[in-house]
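Read from first to last, the chains carry the letters A, B, C and D; within each, the first residue is number 1.
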Amino acid sequence: MSVNNEFRPKIVAFCCNWCSYAGADLAGTNRLQYPADVKIIRVPCSCRVNPMFILRAFQRGADGVILCGCHPGDCHYTSGNYFARRRMTLLFSMLDYLGIEKERTRVEWVSAAEGAKFAATMNDFVDTVTKLGPNRRLEDLRCKN
Amino acid sequence: MTYTYFPGCTLRTKAKDLDHYLRISAEKLGMELIEPADWQCCGGAYSNAKDEIANKLSSVRIIMDADKNTGKVLTVCSACHNVLKRVNDDLKNDENFAFKVNNYMKPEVPYSGNVEVIHFLEALRDEVGFDKLASMVVKPFTGKKIAAYYGCLLLRPGKVMAMDDPENPVIMENFIKAIGGTPVIYARRNECCGGYAVMEDPAIAAKRSGAIIENAKDMGADLMVTACPLCMYNLKKTGPDTGIYYFTELLAEALGLKED
Amino acid sequence: MNRIGVFVCHCGTNIAATVDVHRVAETLGKEPSVVIAKDYQYMCSEAGQNMIKDAIREYGLTGLVVCSCSPRMHEATFRKAAASAGLNPYLVEIANIREQDSWIHKDIEEATEKAVILGRTAIAKVQLNTPLTAGESPVTKRALVIGGGIAGIQTALDIAEAGFEVDIVEKQPTIGGKMAQIDKTFPTLDCAACILTPKMVDCAQNDKITIYSYSEVAAVSGFVGNFSVKIKRKARFVDETKCTGCGLCTEKCPQKKVPNEFNLGLDNRRAIYIPFAQAVPKVATIDPDYCNMLKNGKCGVCAKVCGAQAIDYKAQDTYVEQQYGAIVVATGFNPINIDAYDEYAYSQSQNVVTSLELERLMNAAGPNGGTLLRPSDKKHPKTIVFVQCVGSRCDDSRGKGYCSKICCMYTAKHAMLIREKYPDTNVYVFYIDVRTPGKNFDEFYRRAVEQYNVHYVKGQVGKVVPKSDGNLIVYGSDLIEGKRLVIDADMVVLAAAIEPDKSARSIATMLTASMDTNDFFTEAHPKLRPVESPTAGIFLSGVCQGPKDIPETVAQATACAGKVIGLLVKDKLTCNPCVAHSDELMCNGCSSCEKVCPYGAITYEEKGFRQPDRTTKMRRVAIVNEAVCQGCGACTVACPSGAMDLKGFANKQIMAEVDAICL
Amino acid sequence: MADKEQIIRISGVNPLKCMKCGKCTATCPNYDEMEYHPHQFVYMVEHGEIDKLMASESVYKCLTCFACVERCPRGVEPAKLIEAIRTEAVRRQGCNRLKADDIPARIDDDMPGQALMMATRKYTR
């Protein structure tokens, strides 16, 4: 671990296999940089992401969670991203109620062809979360062995 | 329909017609114009250099004043319209500019970004409606072939001015139709008259304006209309007997308001 | 006890240059449950795969993690290797340390640290993987081709040649597409109609091919091997089975003022019409927007003159439902609308035309019978200016960012044909670059310059001013000479950019096939799978995937047919085993999952459960039809009791990944 | 020495976006009056030849009519570049293109104040 005390956030990105994960791959193929703080978890569809996963991430000390799916109307499974959008709207308003800044969570639509958008989105998100500083509100030390 | 009307300096001096006919027409059309008591010049020309802040402040003042009352700045002079619209766009979209301006002006309430800069032609199209205007015409220009001269300031840069398609505008043509005339389409209607370069070299303005008049006449124009005092000057100087009018004058005439 | 093997790929220097691969292997080797960790130059090579296979046997691995390129690239490769060594292929996980690590980071320390975390995440997940077995589903041995241009025609003919049934759905009254409108083709200058129309006739005569002309795809459901498609057959008001194509009605119809779209509005047709002489099917169609009988019941001339009694004014749209194993998209292109580029005066002068309009003006079957006359006054043009890249290579809101690819060549063709036929005509071509990659292409362009003396000017036209006599003043840069040219021209021809057909967007949505930002269909891999969509069972033919000329389109159409045939010859397809599964002990039969399932894969069953008191209690539980489930996982989140889970992406697995990342 | 970066900064124009089609020059209404034409401004700024441009009469001949800006297929905005060079030239030379003494000779009774106002903005400090 680097010793400097500059804050580097932990970011979990859930990406759907068909659009956003492919978009992330394209960002890689085109050598578009974004911070190493972002770690991607591949899911078949954005609708696979259970709000529990996001809570778990915050509980475990994540500073930001982003969910990326296909553009509305372009979901590989026809309607999955609509479910995701509705579920996340509810979850995010609950998190907001709990005092987790809205900026720590985000839903973005990134298609397989939008490598540049993926990189730009991640740069922006990391930037935003870094400015917010560490998230300790939901962190549960009991989860950490 | 209430507007903060910004006539601009030229309309007080050399372009009194443009102003006068606008006022009487607007009244007839049910538009209420509030002229701020102590307005100053818009700045004359928009500075494209990114580090020019100071000479945009007079426009900022006009916009911020309007923010406090009607929220709508009505203009008619193409130059004023261009400057005000672009400065307003900077205030809304150029964070750095907005920051510096707010620092300097220190307004009591920060600019809301809600002010609209509206050209009189746009008000005729969007708020009065050309159909309603046509129904109020008492002396139509039937059979008159009228060439609209847009110049450059009204339309460009197209993304900011957003009055009409910058290459294929129809707003003045539709106005001409509304007052009963037949619009003449000619390619140089959106080319520059020579503008301020008349101060640098009058020959430039003569050449530019000459090409425009020639093009309009070739395509069959009897009359030409413009919204800009400088275009008017350059065109008139080049072709004194071309028949060039401010569009507001034809509007007033069509509405039966022009004193003979 | 888990016994995990970790293999870290260098990918030459692709990974190894930014990630310290030895350190990654060494660090991950220390993880509990990891029994072997190695790095190697190319894990996907035969030697690399053998290394994996040997380790599986030697260490009796229960799970495999490969840190390499994206799973979209080589997951299948490593799964196959694992299977051949006796490890269930679904016990393999990939840590993507190339596209999502080494290629996007520069700092070795950071990239290495990230690789370790990604590896750890994969290890955490693979420990919870379970062996899965893929099921099978049957294949409907019939293909659908959407679009009947040269791409669709060629694909259909090739699929039919292999003995499979093919249906073509074409929204126009005839197949043929853009190629039917073209006069000559480059670089051979053979007549487009002469080479296209025999293929159109072949389609009509082939008993494996059914043409649904004047029809559109209305709805699509199902998945690879088992698509169900609803086709809307628009009312043509003419019975296709009775019409003989004699054309009498099209001569007698009194409504003569209908813009003829086949000639791009350069002349008129009747309200009842056959688009062109060689149309397939050669039957008349009534245009309901113009037909007086349909609009106000006053006419009926066509019905009176029709000897075959084919006219039916009461016809309605009908729908056909059909099953398909594969769907080919061949929706083609259109030139963009160039109204926004009015500095070229297209809207102001009839003598400013697009290149496709010029094709019709020069075509023997076009409005002037093949004599090139300028539209305003039917005079022979003496000076013609061609403007390239109108809307192509444009970084503005008016045009397209891409090169339309075909314009340089067709403009050279036009210029050459005009100089050939009318040697007294001056022809200028303003170009930014002349792009002629292709067999015999550059030679063709050079012929236009050297043999036909076409004036190629390096520069762009900036303004066209029409005059009252119909002539056009053209202002263009000559960058080599370093001056501006002012040309008094009789005609200006604009090479308008091409864009995907407007219908492509809605078709993509129906097919759940992805598109790029320009509305071209995305291919499964830009180099290695160019004719398949990432959506299984959807194939791409022609310009719907990107700009191309006729030879390229035909090559791609045939390649596409090859892929379709490869699918249709199979009797069974292997299903994705990563499907939903309901734990019936936890399920309370609430129907939440059923409501969100886009495939109708979930049904319910009354099932008896033994109670502790040895009675049997009946309870309603969800059953997933594994052949229908596509594995999106929507149901898993909807399930309130936690009974529904997704194999391969189970709740526990994803939680483990989250934990590993946040550690 | 005139600074390329300075010109790029105050104009906000990136000359590397230019694909060298020459459309700006073809569409320039004041082509005939200029020694260097819009596309040359872009090209020469890219190559750092600012001094030549600054010394040229061409910077005062641009009408800032934005025809080149509107029609450039790559969004280069040559007129903004020209204005930046002119602004820089006027600022540096410490002299004004338009001298107060010369003005009376250039105006007549009909000329709108706007002409003087705009010219002052464009030609002086």
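Observations on the structure shown:
To be clear about the criterion, a contact is a pair of C-beta atoms (placed from the backbone, for glycine too) under 8 Å apart; a residue touches a chain by one contact, two chains touch by 3 or more.
Keep in mind that what you see is a predicted model, and the values were worked out from it rather than measured.
Comparing chain pairs B-D and C-D, the larger number of C-beta contacts belongs to B-D. In terms of their C-alpha centroids, the spacing between chain C and chain D amounts to 46 Å. Chain B and chain D have CA centres that are 24 Å apart.
Inter-chain spacing, taken between the CA centroids of chain A and chain C, is 30 Å. In chain D, the residues that reach two or more other chains under the touch definition are 67, 71. Contacts with at least two other chains are made by residues 167, 191 of chain B. Residue positions 343, 463 of chain C are each in touch with at least two other chains.
This structure has the following touching chain pairs: A-C, B-C, B-D, C-D. Residues 343, 389, 393-396, 399, 432, 458-463, 475-479, 484 of chain C are the ones touching chain D in the complex.
Listing the residues of chain D that touch chain B in their complex gives 9-12, 29-30, 32-33, 60-61, 63-67, 69-71, 79-80, 83-84, 87, 97-98, 103, 106-107, 110-123.
Only residues 17, 19-28, 31, 37, 39, 67, 71-75 of chain D touch chain C when the two sit together in their complex.
On chain C, the positions that touch chain B within their shared complex are 339-343, 345, 347-348, 397, 463-468.
Remark: chain A residues 2, 10, 12, 17-19, 21-22, 24-29, 31-34, 36, 39-45, 47-53, 56-57, 60-62, 70, 73-80, 83, 87, 111-114, 119, 143 touch chain C in the complex.
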